[in-house]
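What follows is a structure written as C-alpha cells; I'll ask about it next.
The letters A, B, C and D name the chains in turn, as written, and every chain counts its residues from 1.
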C-alpha cells in the first residue's frame, strides 16, 4: 500500500485515471486524500452527520410504525400488538417482542445453527428483531442472514430495555390475566452505513406513534377489538384511557468511525467498509451515557473516546427538535382502525 | 420465569371474524349479480388503483424501484450482473435469480416473513422472456423483492416493479414487462382486486405482457372460465398493461432527467 | 438434463415441422397410456399412470380435521408433488424441490379452482362431517417415479384416476350435549362413499417447438421447447386452469389458438382416460 | 395382543412362523435409469434405480483413483406409512438406512474394476409395511444386476424376530412395532457370507442363533427367487435381441419406418435448410 501511496503523491497515476476508477481501485488512498483536507467523499465535514427525516404511520397494517431516513440509510420499524397472559413473576407487566423463531428448513447452514442457539437463549426474554432483507445491500444473500443483523438486534433490545424508555406496566390490560405483547420488527430498506443509529431512531419513533386498539374482554376470557365506532358495545371497553404509551428519556446513539486520529461521525457504507474500528455512544435525553460499544479494531486513546462523547452530545442537542416534535405530531392516516 | 407467557399470544381481532364473514358473503353476492355495484373502495370494475411508482429508493443496489398500488407496497432491488454462486455450473448465457419475501407485518395476521417460493418462480418466468440473457454470459442478475404490505394482487405489482428496477439498473431488455390481474365474480370481471376481493373471488387471471412487442410472457388462470370470458379478460389486461407501461416510461424519463 | 447434439436437435425440430416426431407420432398424438388403480393399499385411493416411459403414482388419503374459519362449511384439499431421485440423478437430496414446488402449484391452480370454491374439481362441501367442527382433509400426493417429459399431464391424469378410486368411509357422529368440545366420531370401515369425478379436469400441455406446438412431449422434445401452455379442461369444455411455462413470449392470438386446440384434444384424451379407468376398476 | 395363535400356530396375517410374505420382483421399471427394479415383500413395495458408473459429480469429495465411489439415497414417499406426515428430507432414519444399504452393496460390487467413477443407487419406498430395509437391499441387488454392474454375488436380505417365544420370519409392521427383537440379516447368497447383521434387543445366545438361522434360510429363499427373476429377464432380453420373425415387437417396426423416412428427409432438408431458423 505504501508504494502505491507514493505513486499517487506525485499525482502521476491519479492524474489521468478517472476519479471513479481510482475510488474503486484504491479506496483507502482516496479517503485519506480527502481526510487530509478534513473533508469527506460526500462533502461533509468529519464531525458532521447526515440529515434525518422521520415519517410516522408508514405501515397501515401495524399498530405503530415509522420510516426513518438517515442520509441514504432507510429503516422501517413496525410494532404489532398481540395479547398474552403475563408471566407469573410480573403479573402486571407486558413485554416487548417475545420472538419465537421456528426455522422452516431442518438442514441449516452452520451459521444459522449459531443463530438458532442464540435465539433460544433470547426466546424467553424480550427480544427485538432486526431484519436485513436481500434488497438492502449487495452483501446480503437470500437464505443466509447477514452477520451484523443479530448483533444489532441484541444491542437494540438491550438499549430499549436498559434505557427505561418504556414503562412495561402501561402494556398491561388486566393484571395477571391479559397484557400486551409488542412485536417490534425493524427492516433495513437501504444499508448505507451507521445502521444502528437509524434502527434506534426508527424504533423510538414507532413507539411514540404506537396506538393501542380499543379492546374489551369477551365472556370466554378472550380479548377482542371493539370497532371503536360501533354503537352497542356488549362488553365495557377495558382500556378506554390507556391508548398512548408515554415514552420518557429517549435514547439516542451516534456511531463514529476512528481512523488514525480523525473521527468520522455517522460513516457511510463505503467508509465503514474501509475503516475497521468504529464506536457507538448512546445517550439519553438527560445526556447521561446509556451505553458505549466498541468492538475491537485499532486501539484508541481516552481522549478520542471523550471527543466522540462530546460529538454525540451536541448532535443530540441539534436533533432534540426532531425527536420531540414528531413525538407530538400524530400522522393523519395512522388513526384508521387496524383490524 | 414461567414459559406460559410466550405460547398463548393471539391477535385480538378474533371476534370480528363472524361479522366480517357475512359482510364478505354479501360483497361477493353483489359483485356476482349486478353489473354496476360499486366496489368497496369506490372504483368501477375496470379501474385500476392509482399507481405510484418511483425508481432508486435503495442506493446500495445497481437498480431499484418502489411501487405502491393502494395498500400494496413493494420494493425491488436489482444487483447488476455479478458472479454467480459457487454451486452453479458454467453457462454461456446469463442467469436470472429472483427472490420474493414478505415482511412479518405485510399481512393482517402476523406472518413469518419467510421467502415465497411460488412467487419467486413466477417472477422468474415472467421476466425471463424479456431480459436479454446473452448480453451478460457466465454472470447472474439478482432480482430481490420485498413486500412491505400486501393489499391484493401482489404478484402483478411485483413483476411491474421488478421490470422498472431492471430498467433502472441498465440491464438490456427487449421490452418493459407490466402485469395486471383480474378476478371474476360470477359473470363480472374486476381488475386489480384488493385482498378482500381476492379472498372471495370465483376465479382469477394474471397476464404479464410486453406492450411494445405485443407478447405475453406469463399467463396464469384459476377457477372456471368459458372461452369468451378468457378472451375479453386477456384483452382487458393487455390494454391495462399498455397504460401501466406508459407510466413506467414516464418514471424512467424523469429519473434520467433528474440524474443529469 | 438431456444431452443432445446439434444434429439431434435439428432432427427433432425438422420432424415436428413435418408432423412426424422422433418416435413416429403425429404432432397432436399422445403416447400409449396404461392406468392401474389401488396400487397403494393403505391409501383411500391410489393410481399409477404410465404415459410412454413417464410413470407417476398418485395417492389420496383422507384424515379428519377442523374446517378453516373462513369456510366452515367446506373440507380442505391439499396437493403435494415429490420427484423421486429414481427418476433422474439430479433429483437427489434437495435438487427436486423447485420442480416439485412448480408442479404442486400448477396442479393446485388447475384442480382447486378459485378461493370461493367455484370451479373446484372436487365439491368441497361434500367433505363436511359436522359443519364448523369436523371435516375431511384430503391429502393428494403425487410421486414421479420415472420422468420422460410431460409430467404435469401424467400427474393430473393420475390424480383423476386416484380420486375415482377413492372411498371415503361413512362417518356417524354421536352428537354429544356440549357443542364446543369435539363430538365423538366413529368411522365405519365397510361402506364407502365414492366421489363423482366427472367434473375433475384433465390437463393438456402444448409445447411450442419452432413454429409448431406438440402434445405430450418427451424430455428430448421438452429440452427444445421455447414455451409451453398447460390448459386444464373439464367435461363441460370449461377451462379450469391455465399456466404458461417456458421463457419466450407468446402472441395473444397464438395462446387463444392453443387453448382451442387443447380443448379439442382434451376431449379425446378424457375419453381414453375414462375407458382406462373403467377397465382398471374391473381389473382390480 | 398375541402375535402367534397358541392353538393354530398361525400369525396375525395367517402365515406360519417360518413362512415368508409373498415376493414379487420386476426388472426395468424406470426407462431412463441404467438399471432399475421393483421389489415387493407382502405389502412393502420398493423401487430402486441405479445410475452409473458415471463421471463423478461432486468435486468436493476426493476421488480415490483405484475404485468406484458408491453413493446411495433412501427416500420414503409421503403416502408410504399409515399416518401422513410430511417428513422433511434427510431426517436421521433415512440417512442411517442409506448408509446401511451403501455399505452392504459396496461389499459385493467389484469397485476396483471401475476406478474414478461413481455409482448412484436411489431407493424409493412406495409402501412401508415392515422389513423396508431388507426389501431395499433386494431391490438394489436386482437394479445393479439390471445395470450390468459386476458383483461378487447377489446380496439378499431378510428380517426375523422373536415374539411369544417363537422365532418369526419376515416381520410385518404390526409385528415389527410390537417391541420384540428384530434381526435383519444380509448375506452373499452363494459364498454364504454375512455382510449385514442388525439386531437391537436383549436375546439369549441360543434364541439369537435360531432366529439368525431362520433369517439366513429366508435370505436363501429370496436369493433363489431373485435368480429366477433375473433368468426370466435375460430370456426376454435375449429373444428381443435375436429378432425372431414371430416375435417382432411393434416398437421395432417404428424404427424401420423411421429410417426410411430419414432418406426422404435428407433431400427435403437441403432445400428447406435455408428457410429453417
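To be clear about the criterion, a contact is a pair of C-beta atoms (placed from the backbone, for glycine too) under 8 Å apart; a residue touches a chain by one contact, two chains touch by 3 or more.
Quick caveat, the model's predicted, so the values are computed rather than measured.
Looking at the partners of chain B and chain C together, they share no chain. Inter-chain contacts peak for the pair A-B, counting C-beta pairs in contact. Chain B and chain D have Cα centroids lying 47 Å from one another.
Inter-chain centre distance (chain A to chain B, centres taken as mean C-alpha positions): 29 Å. If you average the Cα atoms of chain A and of chain D, the two centres end up 58 Å apart. Counting partners per residue, chain C has 94 as the residues that reach two or more other chains. Across the assembly, chain A contributes 107 as residues in contact with two or more other chains. Across the interface of their complex, chain B is touched by residues 69-70, 98, 101-102, 105, 109-110, 112-116, 118-119, 227, 229, 234, 238-252, 255-256, 259-260, 263 of chain C.
Within the complex formed with chain C, the chain D residues making contact are 29-33, 36, 43, 47-49, 51, 57, 73, 75, 77-79, 81-82, 84, 86, 89-90, 120, 122-124, 126-127, 129, 254, 257-258, 261, 265, 268-269, 272, 276-277.
Every residue of chain A that touches chain B in the complex is listed here, in rising order: 58-62, 65, 72, 74, 76, 78, 80-89, 95, 98, 100, 102, 104, 123-125, 129, 131, 133-138, 142-143, 181, 183, 185, 187, 189-192, 213, 215, 218, 222-225, 227, 269, 339.
Listing the residues of chain B that touch chain A in their complex gives 1-16, 20, 57-61, 64, 71, 75-77, 79, 82, 99, 101, 103-108, 110, 112-115, 142, 144-146, 148-149.
Interface residues of chain B facing chain C in the complex, by the touch rule stated above, are 17, 21, 28, 117-118, 121, 125, 128-130, 174, 184, 198-204, 210, 213-227, 230-231, 234-235, 238.
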